[in-house]
Each structure stands twice: as C-alpha cells, then as structure tokens.
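This report concerns only the one structure given below.
Naming follows writing order (A, B, C and D), and every chain is counted from residue 1.
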Amino acid sequence: MTPNLHLWLIPVLPLVGAAINGLFGKRFSRQTVSAIALGFSGAALVMALWIAAQFSSLTLPRVESLVTWIRAGDFQVDFAFYLDQLSLVMLLVVTGVGLLIHIYSVGYMWEEGGFYRFFSYLNLFMFFMLTLVLASNYLLMFIGWEGVGLASYLLIGFWFTKDSAASAGKKAFIVNRIGDFGFLIALFLMIKHFGSLNFEQVFRIVGGLPAETAGVGLLTAIGLLLMVGAAGKSAQLPLYVWLPDAMEGPTPVSALIHAATMVTAGVYMVARSHVVFDRAPQALMVVAIVGTLTALFAATIGVCQTDIKKVLAYSTISQLGYMFIGCGVAAYSAGIFHLMTHAFFKGLLFLAAGSVIHAVGGEQDMRRMGGLRHHIPWTFWTMTAATFAIAGFPPFAGFFSKDAILWKAYLNGSWVYWAIGVFTAFLTSFYMFRLWFLTFFGEYRGEAAASEHVHLAGGSRAGAPAPHEHGHGGIHESPTVMLIPLVILAGLSICGGWVGSERFDKFLSPALHSGVTAYSAEQEAASTPASEPREHGASEGLLTSISILAAVSGLFLAWLLYQRRPQLPQEIAHALGSFYEAVVHKYYVDEIYAAVFVKPLIDGSTRVLWHGIDRDVIDATLDNSAEGAREVSDAMRHMQSGNLRSYAGWIAAGAAVVITYMIWLGTR
Amino acid sequence: MSIGTFILVSIIKIVVALGVLLTAVAYTVWLERKVVGHIQNRWGPTRVGPFGLLQPLADGVKFIFKEDLIPPHAYKPLFIAAPMIALIFALTSISVIPIGNWITVFGIHTPLEITDVNIGLLIVLGITSLGVYGVALAGWSSNSKYSLLGGLRASAQMVSYEISLGLSLVGVLILAGSFSLRDIVDAQAGTYWGFIPRWNIFQGQFIAFFIYLMAAYAETNRIPFDLPEAETELVAGYHTEYSAMKFAMFFMAEYANMITVACLATLLFLGGWHGPHRFGPPIVQAILPVFWFAVKIFAFLFLYIWVRGTLPRFRYDQLMAFGWKFLLPLAIANLVITALIVALRA
Amino acid sequence: MVPLSYYLVLSGILFACGVTGFLIKRNIITIFMSIELMLNGVNLSFVAFAAQWHALSGQIFVFFVMVVAAAESAVGLAIIIAVYRTRETLNVDRINLLKL
Amino acid sequence: MLHLLVFSVFGLVCVAGAVNLLVQRHPINSALSLVVVMGSLAVEYLLLGAEFVAAVQVIVYAGAIMVLFVFVIMLLNAGEEERTKGSRVAMLFGIPGMLIGSVLVAWVLLEHSGTGNVATGALPGPPKVIGWLLFHDFLLPFEVTSVLVLIAIMGAVVLASHPGSTQQDKREG
C-alpha cells in the first residue's frame, strides 16, 4: 500500500485561497491578498512537484477516493482523484504556468480596483482546473469543466462595468453551454450504456468492445458528442467565436485561461477519452478534420488582425486546432506535447503582449506601436523567444511538438492534414513575425498621436477603471515581478521541447495505451516492422525540412512586407479585394451566427414566448385572476368586521358545514 | 379485606390523622410563640396552663366566639369560600403522607397513612398548588387594597416558587425512580459505612434540600418570604378583612401547610421514618419509626420558627429575582447534574 | 363499565360549551377560558380513546396539548394585558379596530 | 355500576361547571367554574386509569394556568361583563352552526361507537412509561414543544412588560 498522496489537497488549496480572498479580501491590503493567492497556488505547485518527485515509485493509474458523492443503485460517483502520466503532465503545466501567471498578475493588476476579487477568481479557476485534470470520473471532470467556464466568465467580465466585457463574458458562457450540452449527452449515454462514469470502469467496458470501423455506433456517437464539448471549450470550429471576444478580460487571464490551460481542457478530455476515440475512427476523423480546418481558418484570420491580443487569440485557436489534429490521428501524446509547449510559449506571448500593452499605456493596436525593442528589451527578448517557438524554429519548443504532430498526421492520417498543417505553420510564422515586426521594429507610430491614443485607450476602457494610468509617463519596462515569469517562461519556451516527442510519447504511453488503435491495426498490416524505422526516418527528415522551410518563409514574408516594404500590405489588400474584406471581418462568422441563430431566437422568444405566451397567457391569467380576486374580495371584505365573535361565528358555521359533509360522506 | 372493613379502617385513620394534625397545628402555634419569645428574650405564653400549654385551646375558644365581620363591599360568596378552600386543601394533602411502615392491628394489615397511592408526591403537589386559590380569592373578594395587593403577591409568589419546588424534588425522584412516597423513603434505608444514613440529603441532594427549603418558605408565605401578609406594609395582606373563625381557618391552613411541608421534607430528604430502631421490645420497635418521623418533623418545624425569629423580610422585587434568577437556575443545574450522575452510574 | 361513547359525548358537550362561550361571551378573558374548555374537552376524548385502543400515545398527546395550552395562555394573557393597557376595556365588541 | 355512578356524578359536575362558566357574568366565577370542570375531568381521567394525566391536569391546568387567569382577572380588576350586541353573525350563524355540529357529532358517536365499553382504570399510564415514551418515541415533538414554551415565555415577557420599561431598567441598573 503506497502512502496516501492526498491528491484532493491540490485542488482544494487554491479553493481555500479563493475563499479567503473572496470572503475577507476586501479588508486585506494588496500585499496580503497577493501573498494569500500566491501562497495557496504555490502550495499546489509544491504538492504537484512532490508528487512528480516520487512519481516513479507509484503504481499507476492511482485513484484516491475522498467520499462518495452520489449513490443510486449500482451507479456511484465519488469525489475521487485520478493520477497517471497524463494528469501529471497537466498538473504540472497548470500549477506551474498558473503560478507564474499569478506572479505576473500581481504586477499587472496592482493598480486595478477589485484586486482581491481578481485573485479570488484566479484561485477559483485553479481549483476547478485542477479538479478537471485530476478527476477520476466524467462527472467530477464535468464539475471542473463547468467551473473553469464559470471562472472564465467571471474573469472575462472582470471589468463588468464595461459593456463589451460583460457581453463577451456572456458570449463565452453561452457558447460554452452549447458544447457542454454535447458533453452532457455523452455522459448520459455513458450512464445508460455503461452504467458508470468512472474512467476505469468506462474504459474497461469500452476496452472490451470492438472498434467501430465498419459503421457508426454508440462509441462514435459518444465520441462525437465529446468532441462537441471539446470544441466548445477549446474554441474549435464552429464554436470558436467566444475566444477572440474573451480578450476583453485582463491580459493575465487571457494568458492563463484562454491560452495556456482552460482552452486545452478539450484536448485533455479527448486524450483522456482516447479509449473511446480509438474504437470510433469516424469520430476520430471528425476530430482531425475539425482540428485541421480550425487551424487553417483561424490562422488566416490572424493574418489580418491588428489588435495584438486578437492576433494571439486567433493564434491560440489555430494552435488548438493543431492539438486536435494530433488527437485526431490518434497521436495523443503529440497533442499533449504540443499542449504543454503551447502553454509555455503562448502563455509567454500573452504575458509579453500584456507587458507591451502595459508599456504603451493601454494601447492594443499594433499599428500604433513599433520600434519598442529598445524601450522594453526584456519584453522584446522574451517575446522573441516565444515567437520563434510558435513559428516552429528549431531548437525552440514549438518546433518539436508541431513537428511531431505534422509527422504523425502524415504517418497516421492523410497527406492532406499534413499539407494544411504545413501551410498553417507558414501562416503562423507569418502573422507572428508580422506581430513581431510591427511591435518591435520600425518607428514608434503611436508617438505622434500620443495624447490621442491615451484618449483612445481610455475610451476603449470606457467606464472601467483605466488599468495603466501610471503609464502616462511614456514607454517603460514592466516591473520585475512581471518580468520574472516572462524570463522563466522564455526559458521553458526554448528548452521545453528538448525532451523530444519520442521520450514524451514513451512517458505517456502507459496512460494512452489502449490495446486497439484505429490506425495501428491498418498500419501494422501494411508495413513490416523492420522497414518502418528507415522509411520513416527518411521521410521524417524530409517533412521536418519542409516545415522548417515553411517557418522560415513565413519569417521572410513578414520581413518583406512589414519591414522592407511596409506599403506592400496595402496593395495586396487592394488586390485581394473582397476576400481581404472577408478575412478582416473574420469571415463574417459572428454576423452569420447572429443572423442564423441569435436573431431568430430573439425574435422567436420575443414574439412567441414573451408576447404570445408570457404576456398574453401567463401574465394575462395572473392579471385577470388578481382582478377577479380583488372584485370578489371587495364583495367579501364586509365579512371582515373586526369583531372577534363574528369570526368565531363564521368558524362555527364552517365547522358545521364540514361536519355535515363528512357525516354525509360516511353514511352515504 | 372486605369493603366494609376498608371503609371502617379508612374512617378511623382519617379521624385519627385529622385529630393529630389539628392538635399538631395548635401546638405548633404554641411552639412558635414560645420559641420566638425566647429568641426575643421574653417568655411567650405562660398564663394559661403550665408553660402556657392550654393557650391554643383558649385561642380556639376566642376565635369561635368572636364576631364574624363581613365588609359590605366584599364579594360575599368568595369571601366566605376562600378560607374554606385554603383550609381544605391544606388538610387534604396529609391524606397521602405515610408516617410509618405497614402495621398489623387486630389482623388487619394496613399502611400508616390514610391511603397509599403510587403517585403520592404528585397528589401532594397538586393539592398544594390548589391552595393558592384560597389566598388569591381572599385577597380579591375582600375588595380592599391591602388584601388585593396581598393576594396578587401571594399568587405570583406561590406560582413562581412552585416551579423551583417541583424541580428540586425531581432530583430525589430520579434517585428513587418512583413517585410513591413510600418507595422514596425505602430508597433511603440503610447507612454508609455503618453510621452515615443514606438519606437523600447525604446522597448529593443537599442543594436540592436547600432549594426545597427556600421554596417551601415561600410557598407557605413564611418569613423571610411573608410578603403577602407583610404586616408593616399591607396590614395583614390577604386576610386583612377577615376575623373570627375565618381568620382562624387561614391561620390553621398556614400551619397545616407548614406541617405538610415538614412531612415532605422529612420523607424526601431526611430519610422518612428511618432511624436507629433495632432495639427494645416489639412494641417499641413498632412505634419507633413513627417516633423518628415525629422527631424529624419537629426539628424541621423548629428550623422554620428559628428562621422566622432571625431573618428579616425580603423586598418584593428581591423575592422575585431570587426565585427566578437564582433558585430556578440552581434547581435546573442540580437536576441536570443529578441526572448525569445517575445516568453515568447506570 | 361505561361505554366509550359516554366519554366522547361528555367531551363533545364540553367542547360545545366552549364554542358557545366563545360565541356569546364578551369578556375576552372568559373567551379565553372557553378555549381552555374546548381543549379540555378534546383532552378527555384523547384519554378515552387511549383507554379504548390501549395506546399510550393518546395520553402523550394530552401532555402536548397541556403544554401548548400553557404556552398559549401565557402569551394570550400577556396580550390581554397589553390590550387592556391601550384600549382600557376587555369587551371584545369594543376591540374591533382590525378591519377594513 | 360504581364506575358508571362515579362517571355520571363527575360528568354532571363537569357539565354544570361548563354551563356555569357560560352563565356567570363575572369572569372570576367563570374561572372558578373552569377550575371545577378541570378538577372533575381529573377524576374522569383517574377513572380511565390515566393517573399521571390526572395529576398533571390538576397541577398544570388547575394549579398553574387557571391561577394565571385568576391572577390576570385580579390584576386588571375585571368587572362584570357588559351586554353589548356586537355581532349578529355570531348569533345568526355561529350558534346554529355550533348546535348543528354538536348534535350531528353526538348522534354519530352514540349511533356508531356505543358498543365498546371502557373498564375502570382501563389504561394505566404510569409516569415511568409516559416518560419513556416522551423521551424516546416523542422526543422530537417534545423538543419542539419545549422550544415553543421558550418562545412563549419570551413573548409573554415582551408583551406584558411596559413599553420602554427595559430602557428604564437599564438606566436604573
């Protein structure tokens, strides 16, 4: 019997922090609030590291049940926590990146109102995210799933006095609900057919079923529904629309929730449910296709965005698409690997972007930046590391993980995935370097209109407490407390991939091994084991070269367009005409959704539900009955004489009637 | 025992008990006058008979022959009924009080009490709780300020202290596990280590006895709780307007109540008729319990009189505060502790 | 041996007297006493039924009724005192302000 | 036979007391009639064997509750009842309703439940058993009632105390 690891402490520690800050934080000083928030999330990290340190001596997977939550017949759900290689990786990513972003936030949010509220929410998010990651059954996972959605909603709408922030929060929440709906139905199906939601039991039962290669069955349905949930949470087509808007939240939130951790929950969930997907090739294919399309789609939008955070948001969507490609070709470890490296460099990108925004006093439009590399060298260099990482330059982290995904996509899936992936990589490289060049090189374009942009920045945060008031004094580097996380993350962005996808794959394989893989079966039939490595080796080299080439050409193109010939983009935009317009307007997806779903819904509920049913039926019924009651009371109130004995008389008369009736009933 | 014998025996017992009780009442008055006299450094009654022993008789004759005044605005029916109510309830309660073991006389086996019931204590409590009507109605029906105030005070005081009184008894009931006075006495038989009698007062019910004592003084309207008849402020309280035999009835009721209270105290706390009685010829052995019982009652009554001769009177708000804020919590605490101890011992 | 119905009829009579008292008495204290009378009538039927069915619960209920009656009379009499202080009457026909 | 005799005697006393309560115009007479009713009811309880109930009836009802009534009557110096005609409803609906109801109930009782006889002391309720029931089977109602009594005590204190007298006490104290 191995010693109890008290896994439950890991999620609960941040919860305690959230509770303390949320309940009493108003009276604490900022120092106390940040000490509490950092202390509890740091404690969670320490526990995670402690577990990692003795990881090799543990028997896995490991389930620690705290108490029984629901018991109905044979169906039982526990508050139980599940530890295996997969959840360990997630655990370390979440606690590690989470703590760094907590540290960063102390500096970033220092001047803000609602400081304690922010950290309470942030800790709450950590609690739910860790619950999600450590859950040992789908229901507990669902709690975490919903909880991170809640925390995300609260944090997006952190500046709730601003209309756009409030509606962005609502949008995120509602769009996520659509995905959750699919997730829930998947859970119902599991309960109905497997009678359990525990990972171990579900996977054991599913493991005994044959792969649905021939047709579409239960597992495919479950897989697709899970994918709907994942698409909602991880901002995949067609439910990605909330993520760009979510950038209304404070930048650390965007970094933590909408880049590094929460949005990857969908990937984690798909990887966790790999047993199901392995036996449902059609579902897996849908995952891959959705991932591929999302990656391309978001990347093209990202090319034309001018808001620094929006670019990063679309980049996130695109990178998430990559992860889904990985999962979709049953290369879960590659997906998770990319998840990890992505958490590093995208977190860093957001934090650095936050630092940039901080530096220029709240400006987010890249067109008003430029030439910042001399003013904010720390931010510049860390951001450079992250940009190279995401663009896929070796030896940065992004290269290894992206390459692993592309290689697996080619190997397990189809060359189409690979081709689109490479093209997307090119686009990624392009828009990231575009961002890089626009922000850090050339002349500072905001200077001329300095007073105006401060005014604009103030306007963009209309009503909300302006976050960077102290930035008036000119462009300046961020405080140390914000730079430390940047440096650490930069280090991770550089080195994070060196572990290599092979070793990562090997490490994760016990957790992701399921006996049957939809692809491996065909694969083994097709190729002999002996010839495989050589063949793969040769083509892997080739493919890697191509993707490096894509990255380099993206860099070159960005340099050409935004450094060498800055007027060229305008011309290209003119040349492309309506297509460019479409891309700038994000393919009018929001407008289409508004026209197709939102407006009919609002019209329908206004006309039918509100006017038709609520006002004319329900309200009318109540109004009329109230009117009737008043009329009757008008007639009856003369009984209310105030005379005690009259009341007694009525009671006696009434009692006589009741007695008579009862006796009549008895003698009938 | 046939029903005829039963009725005969009962009548004999009632007559004897009433005779003894009334005599005791009369001589308690004499005792009080004597003792208080000596406490106050005077002689008390000495003229009528040796040591004034015939004084009660003379008093009785005086009361019978005095003029019976009824105030014109009094509410007559109740004015007349009130002293009767007081006396009747005072005398009735003696009927269930045992003064000794069962005895066999002329082949008839009978207990030394008028009737032996197993909820004797409850009956005594019930009857004494009715005694307040006499006082209250007397005060009200006299249609006099002093009387009304006395009556109000009496009823408030008696109702208040009845609670403490009842609660102080519950500890004893828990120890004995019965409402029967005979069982309660039997539970106190024997000794610890051969010389400390197992009376309830020595079984941890000391505080209960103290509460009982206080509450009993209040219930019987005796000093230091004689507010209802406080002569310095209310003339004579509820019996201001009474004279002659009606006054005598109140007087007798008060002393009969004292004796009842003394009997109860003896039965509940002081071991009843138990005492060192394993000596002498059989006839002495039969009489001894009754003797011990009488001795204890005498001691208790003496204490009563002693207190009357010693202590001043409470103020009325002090009296209420003492009853509600001190005695009642103390009684509850005693009850809880006793219950705990009994529960733990079981 | 007395038939159960005698007890019940007795209790019914008491209850009816209580109701009548409530209806015809003007003095609020007397009306209150009528309520106590009704409760007593009910108590009798409880005890009678308990004896009939050999179920002590009936007697337990009597205790509860008594406790409730005690609580009710304590509060009720306090209310009467409070009313008397302000209205200076005990006649319910004169205490009829609570009306439309 | 004796049972019936005792029952009848005390039943009659009971009814007489109840009627006297109605007839008397002075509240104190009504109160005393009620005491008589309660005392005779205690005897009826004894007849049925419920000795503990009988004792408690005397102690609580006659000894405490009715004393409270008498006390209040004395305190308020309640005089004879006024003969006001405040309620026609009570006379027109209440009295007939009461009559109809009680006649119907009496008819049903006599008609349908007259067979079972109750023996003398049919169901003794010894204090021990009663206590056991109260503290086991009826523990929850018991506790609830105790809370009720507590509330009643507080309510009575608040209601009966002079408004503003608490502050006065504080100032004095």
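By our rule, a contact is a pair of C-beta atoms (placed from the backbone, for glycine too) under 8 Å apart; a residue touches a chain by one contact, two chains touch by 3 or more.
If you're wondering where the values come from, they're calculated on a predicted model, not measured in any experiment.
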Using the stated contact rule, I'd like to know whether C-D or A-D comes out ahead in C-beta pair count.
C-D
Chain B and chain C: spacing of chain centres that average the CA atoms, whole Å
33
Whole-angstrom distance, CA centroid of chain C to CA centroid of chain D, is 5
So, what's the distance in Å between the C-alpha centres of chain D and chain A?
71
Distance from the CA centroid of chain B to that of chain D, rounded to the nearest Å?
28
Interface hub residues of chain A, defined as touching at least two other chains:
641, 643, 645, 648-649, 652
Touching at least 2 other chains, the residues of chain D are 52, 56, 64, 68, 73, 75, 86-87, 90-91, 94-95, 98, 101, 105
Following the definition at the start, I'd like every touching pair of chains, please.
A-C, A-D, B-D, C-D
Taking the complex as given, what residues does chain C use to touch chain A?
19, 22-24, 26, 28, 31, 92-93, 95-100
Considering only the defined contacts, which chain D positions touch chain B in the complex?
28, 32, 35, 51-52, 55-56, 58-59, 62-64, 67-68, 70-71, 73-75, 77, 126-128
How about chain A: which of its residues touch chain C in the complex?
637-638, 640-645, 648-649, 652
Flag every residue of chain D that touches chain A in the complex, lowest number first.
86-98, 100-101, 104-105, 108
For a test of understanding, state which residues of chain A touch chain D in their complex under the given definition.
639, 641, 643, 645-646, 648-657, 659-660, 663, 666
